[in-house]
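In what comes next, subunit A is part of two complexes: it sits with subunit B in the first one and with subunit C in the second one.
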Partner chain A sequence: MSAPQAPSLARRAAAAAAVLAALLFVPVVAGTYQTQLLTYGLTLGIAALGFNLLLGYSGLLSFGHSAFFGAGAYAVALMMRYLGVTSMELFILGGIAFSAVLAALFGVVCVRHTRIFFAILTLALSQVLWTLAYKFFWITGGTDGLRVPFSKLTLLGGQVAFPGADAFAKFITAYYYYVLAAFCVCVALMWLIVHSPFGKTLQAIRDNETRARFLGVRIWRYRWLAFLVSGIFTGVAGSLWVPLNGLTTPDVLYWPQSGKIVFFAVLGGFRNFTGPIVGAVIFNYLEVYAVAVTEYWQITLGVILIALVTFLPSGVVGSAARLSARLKRRREASP
Partner chain B sequence: MEILVIQVLNSLFYAAVLFLIAAGLSLIFGVMGIVNMAHGSFYALGAYVTAWSAAAAAGVMPPAALFIFLPLGAIAVAVIGLAIEPTLIRPFYRRPEEYQLLVTFGLLLVLEDAIRLVWGGTPRTASGLVDSLGLLQIGGLPYPVYNLAMIGVGIAAALGLWAFVYRTRFGVLLRATAQDRRMAAALGIDVGRIYSLAFGLGCFMAGLAGAIVVPSQAAVLGMGVEVIVLSFVVVVIGGLGSLEGALVGALIVSALRTITIQFWEEIELAALYLIAAIVLLILPTGLFGKKA
Partner chain C sequence: MSLLRTERLKKHFGETRAVDGVDFSVNEGEFLSLVGTNGAGKTTLVNLISAFLSPDSGRIFIADRDITYAPVDERIRAGIARSFQLVNLFDDLSVLDNVALAIFAREGKTKRIFALAERDTVVTQEATELLGQFGLAGKAQGLAGGLAQGERKLLDVAVAYALRPKLLFLDEPTSGVSTRDKAQIMDTVSSVVRGGGITAVVIEHDMDVVFKYSDRVVVMHEGRFLADGPPEEIRRNRDVATYLLGTDVSD
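Moving on to the complex of A and B:
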C-alpha cells in the first residue's frame, strides 16, 4: 500500500459527494431496466465491502461468503413464507441476525487458520449450508427455491407498498433509493471501521502477525470480530438482493457464488477501499451483458479473471490510481 | 449380507475414483504448492473425452476394444495439462496464494464452458463398456463386473503411483523439488520440467478418474464443480500434499458417504463437509500431512 500522496480527506469527501449526487439522478435519467441493473450492482457492492474487510484488511481469503449472502437471502424468504412478514426493515434485521449467528459460529472455527486452510474451511462450511438448502426441500423449496415477490413487500414501516400489476417500475425506483440509502450507510460504517483503531489493528495483524502478537494483540479475537462484521455486511447484501431478484435458490449458497464475490474484489482491486465496490458494479454489468451476448458467458468471465490476475493484480481502481499518480508526477516534473 | 457386500464394493469403486482425483490434487499441491480449483474440471474433461471417443468408435470397433479409450482419455487430459502449466500457472508460483486460487478459479470457469461449447448440454455415456463385461452374481444379486475391474484399476493406480514417486529416479527428483525448490534448482534439476510433468501427472489421474466413471454414470455439466469440494474434503482429511493421505481420505469419505446414503440421505454431503471442518480444526495438517 504505497500511497504517499494519498488524496486528502476533504478531497475524498468531495469525490464521494459528487458520486452520490450522480447516483441520486440515475432513476430520473435512466430507464427502469438500467436502474434495476444498478440496484443489483449496489447490493453486490455491499457484499464486496463486507468481504474485503477480510481479504483486503485482514489478509484472509474466504471462499465461503456465499454462506452469508445466502443466509441473508434465505432469512428474508423464510420470514416471508413462514412468519408472514412483509416489512423490509424487519427482513434486514432478520438477515443481520441470521448471518451474525452463522458468522459467529463459522468464525470460531475458521479464524484459527490462515491462508489456504482458511479458504478451504470457509468453502467446506459454506457448502454445508448449500446441501441443507438443497436437500431439505420441504422447508427451503429445494432447487425451486423460495419466491419473494416485490408485490408483497413494504418499505419504511409499511408506508410504501407496491400493489397492482403495473407497480414494477414504481417498485424499482423506490427500491433503488432504498438500496442506495442502505449502501451509503454501509460504506460510511465500513469506512469508520477500517479507519478505527480496530481496523488499524487488523491491518497490523495482516502485515506482521508475529509482531502484532508480541505487542499483546489477541489475534484470534480480532480476526473473529472481523469475520463477524464481514459476514453481517454480506448478509445484509443478500437480504437487499432477494426482493430485487424475486427468488432465492440454493445457487446463491453454492461455492461458485463465493468465487464471484472474490472476483468483485479482485476486479476492482482489494488493496483499496473503493476497489471491491467498483468491482462488484462492473462485474454485474459484465455478467448481464455477457449473458445477453453469448451463451458462453462463463468462458468470457474466466478469461477476464485470468487476464486480470495476470496483468492487473491491483485491479481496475488500483491501476487507475497508479496511472493518475504517474501522470501527476510527470506533469510536476515537466515545467 | 449380500447388500452389505454390494455396498462395500460400491464404496470401494467410489473410493477408487475419489483417490485418483484427490491424489492428483495432492500431488500438485505437494510439489508446487498450488491448490488447483480447476482440478475437478480435468476430471470432467476426462469423462467427456472418453464418452465422446468411445461413442464415435462404437460402430467400427468391438466393444472389448473400446477399453483403449479409458487410458486415451486420461492421456488427452494430461496433454492439455502439460500445455496449461507453463502458459497459465507458471507465472503464479511466486505470487500470493489468493492469486493462485483465483487463476485456477478462472481456469475452472473457462474449462466448464469449453466443455459445454464442444459437447453441448446433453449427458454423455459409454455404458456399452459396462455391458460388455457382463454381470456377476453376488448371493443372487447381479453386480457389474466393470465396477470390480475398476476397483482393480484404482488399486493398480495407487501402487503404480507409489512406485513412481518412491522407486524411480524421476520420483526422487520430484520429491527433492517438493522439499526445497531452490536447492533442487541449484543442484541442476530442471525445476520447470518437473513442475510441468507433475502437473501433467496430476491431470492424467483426474482424467483417468473421469474416464473410469463415465461408463457407469453419464458425464454431465457441472460434474467437475461438484467433485472438487468433495476432493478437498478427501485431501483435508488425509493431509494436503500426502499421497497416503489421499488414499485413506478417499476410503474414509466414500465409506461415510455410503453409510449416510443408506441411513439418512439428506445429510450425506453436509456430514462430509462438517467432518472435514472438524478434522481441520483438530488436526490442521490432516491424518498424514507434514507439519507446515
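Moving on to the complex of A and C:
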C-alpha cells in the first residue's frame, strides 16, 4: 500500500495562508467564548507539535509530556508570584529555560531506552515533578495552585495591558492574536526542523535504527536533541496556556495531562505534520462540550479513543489524506 | 598493499566457533568474494569488522590503525561501510532521501536543524547523480518501501557507497532476486565500485557470480579459512569442491 503523495510546497503554503486568513477573522465573527476556546486549542496545538517530534518523527512515545507543559506553566506562575514579572515575553523565555533544563535532564535518563521503557521512564519522571509540586505547597501553593490573573499581564514589552474589571473581552481578543502569532512561529520552526537534515535523520532512526547507526549516526545524541526541542515546544505551550486559565495547579503535571497530549496526536494522526495540531483543537472542543453535556464525559472520550484506534488508526487528518488520495486516483482512472 | 587485516580474530557463540582465530587481509583496490556454506562464519566475520559484533579476542587493523574496539561511527570515519543481507533501508523516506542522508552523515551535516534538507543543492545533486549510477534516478522521488526487491538491493548498496568508504562490505547483494536481476545488480555494483576505486568484499553464495566478478576468493568453513586465491585456483581446489560445491574436482 502506498502512502498518499505529499502535496507540493506551493499548495501547502497556499493552504496554510488560507487557514491563517480564516484564523485572523475569528475574533471578529465569533464571540469572546469561542475565541477563548480556540486560543486554548492553539496553545494545546503547540504542545502537540512538540510531542509529535518525538512520537511521529522519532518513534518515541512519551507518557510524561505533562512535565514540560507544567514546567512552562509553573515558570510563569512562579515568576509572577516571586519575581513580580508581568511581561509575557519574559514569561515565555522563563518557560523555555525551565522546560529546556528539565528536558535536558530527563532526556539523559530516557533517550537511551525505547518503546515501553522510554514511555515508563517519562511517565515516572513526570510523576516525580507532580509530587514535588504537590508536596512543596509553601512554594507552589499545593493543590490550590498559583494564580496568574490576566489583569497583571502585559504583552509586547508592556505596551498592551488589561487593567480594570471589564477588560476580559479585550484580553481574550488581544491574547488570541498573541497566541496565534506564537503558534505560527512554532509551526514554521517545527516545519523547518522536520524537513532539515536533523529531522530527516530522526525519521531515519525511527524507520531503521540499525541502518542509521551504520551511517555513523550516534543515535542517542539525536534522540536527546529531539527530546530537548520537544520539551521546549511543550513548555512554551504551558507558558501560553496559564494566563488564559488564570491558575496553575499540580493537575497540569499529573499523568492525565500527558494522556491528553497523546490523545491529540492519535486523534489527528501522528504520521503527518498537521495531524496533532488538528487533533489538539478538536480534542479541546470535544472535552469542553462533552463536559457540558454529560457528567460521564471521560467515558465519551474513551469511546472516541477506542473508535479512533479501531477504525481510523491514521487519525482524522491521516484518514482524510488517504480518502482524498483514493478519490483522486479514482478520478484519474475514470475515462 | 593491505588495506584491512585481522589477527587471530575469534568469535564463539557457546559451542559454535563462528570465527575461529582468523587472519584475514584485504588488499587495496581488489574485489574480493567471501564464500562458504551457511554457518561458515562469513557474516560473523563482516559483523566483527564493521562493529556489529565485538570479538572474543584478536585484533582488527585498517591501514595499520587498530580499530578492534572502535565504535561504529569511528570505523565509518576510518573508511568502512557495509550493506546488509536483509535489505536495510529507510522505507518511509524517499529513495533520494535514503542516499542524501548517507551524504549528510558523511559530511557531518546531520545536526543541521534550521536548514531545509532539499535546499542543500550540493548534497541533492550528488545523491541524484549517484542514483543515476545505480540506475535508480527514475525512482528518486518514490518511497524506498515501494521499490522492487532488486531495486532495494541496489539502493542498499548505493546508501553504503554514498559514504565514500575505502572498504565496502556487501552482504549477499543478490540474494532473493531473479537470475536476470542478479546479473544486472552485479554488473552495476561491480562497475560503480571499480569505477570509484573502492575496495569491496562481497559475501555471495552464487559461485557463477563469484567466479565472474572477483579478483580473489576466500572460502570459509566452520569459522576458518579453507582456501584463498584467484577464482581459477579456487575452482580447481579439491577441498572447496568437496565442502562447498559438493562435487569432486575430477568431475
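The criterion applied here is as follows: the second predicted complex is superposed on the first by the 331 of 335 C-alpha atoms of A that agree within 3 Å, B and C clash if a C-alpha of one lies under 4 Å from a C-alpha of the other, contacts with A are read in each partner's own complex, and residues count from 1 in each chain.
Simple rule for what comes next: a residue touches a chain if its C-beta (ideal position, glycine included) is under 8 Å from a C-beta of that chain, and two chains touch if they have at least 3 such contacts.
Keep in mind it's a predicted model, so treat the numbers as computed, not measured.
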| item | value |
| --- | --- |
| Which of subunit B and subunit C A:Lys200 touches, first, second, both or neither | second |
| Touching partner for A:Arg213 - first (subunit B), second (subunit C), both, neither | second |
| Touching partner for A:Ala124 - first (subunit B), second (subunit C), both, neither | first |
| Touching partner for A:Gly84 - first (subunit B), second (subunit C), both, neither | neither |
| Which superposed partner A:Pro163 touches (first subunit B, second subunit C, both, neither) | neither |
| Partner chain in contact with A:Thr310 - subunit B first, subunit C second, else both or neither | first |
| Which of subunit B and subunit C A:Val262 touches, first, second, both or neither | first |
| Complex interface listing, subunit C residues touching subunit A | 50, 52, 72-73, 76-77, 81-82, 84, 88-93, 97, 100-102, 104-106, 109-118, 120, 143, 146, 159-160, 163 |
| Complex interface listing, subunit B residues touching subunit A | 35, 88, 91-92, 95, 97-99, 101-103, 105-114, 116-117, 225, 229, 232-233, 236, 240, 265-270, 273-274, 276-277, 280-281, 284 |
| Touching residues (chain side subunit A, partner subunit C) in the complex | 2-3, 189, 192-193, 195-201, 203-204, 206-208, 210-218, 222, 225, 229 |
| Touch list for subunit A against partner subunit B, complex | 55, 61, 63, 109, 112-113, 115-117, 119-121, 123-125, 127-128, 131-132, 135-136, 255-256, 259, 262-263, 266, 296-299, 301-306, 309-310, 313 |
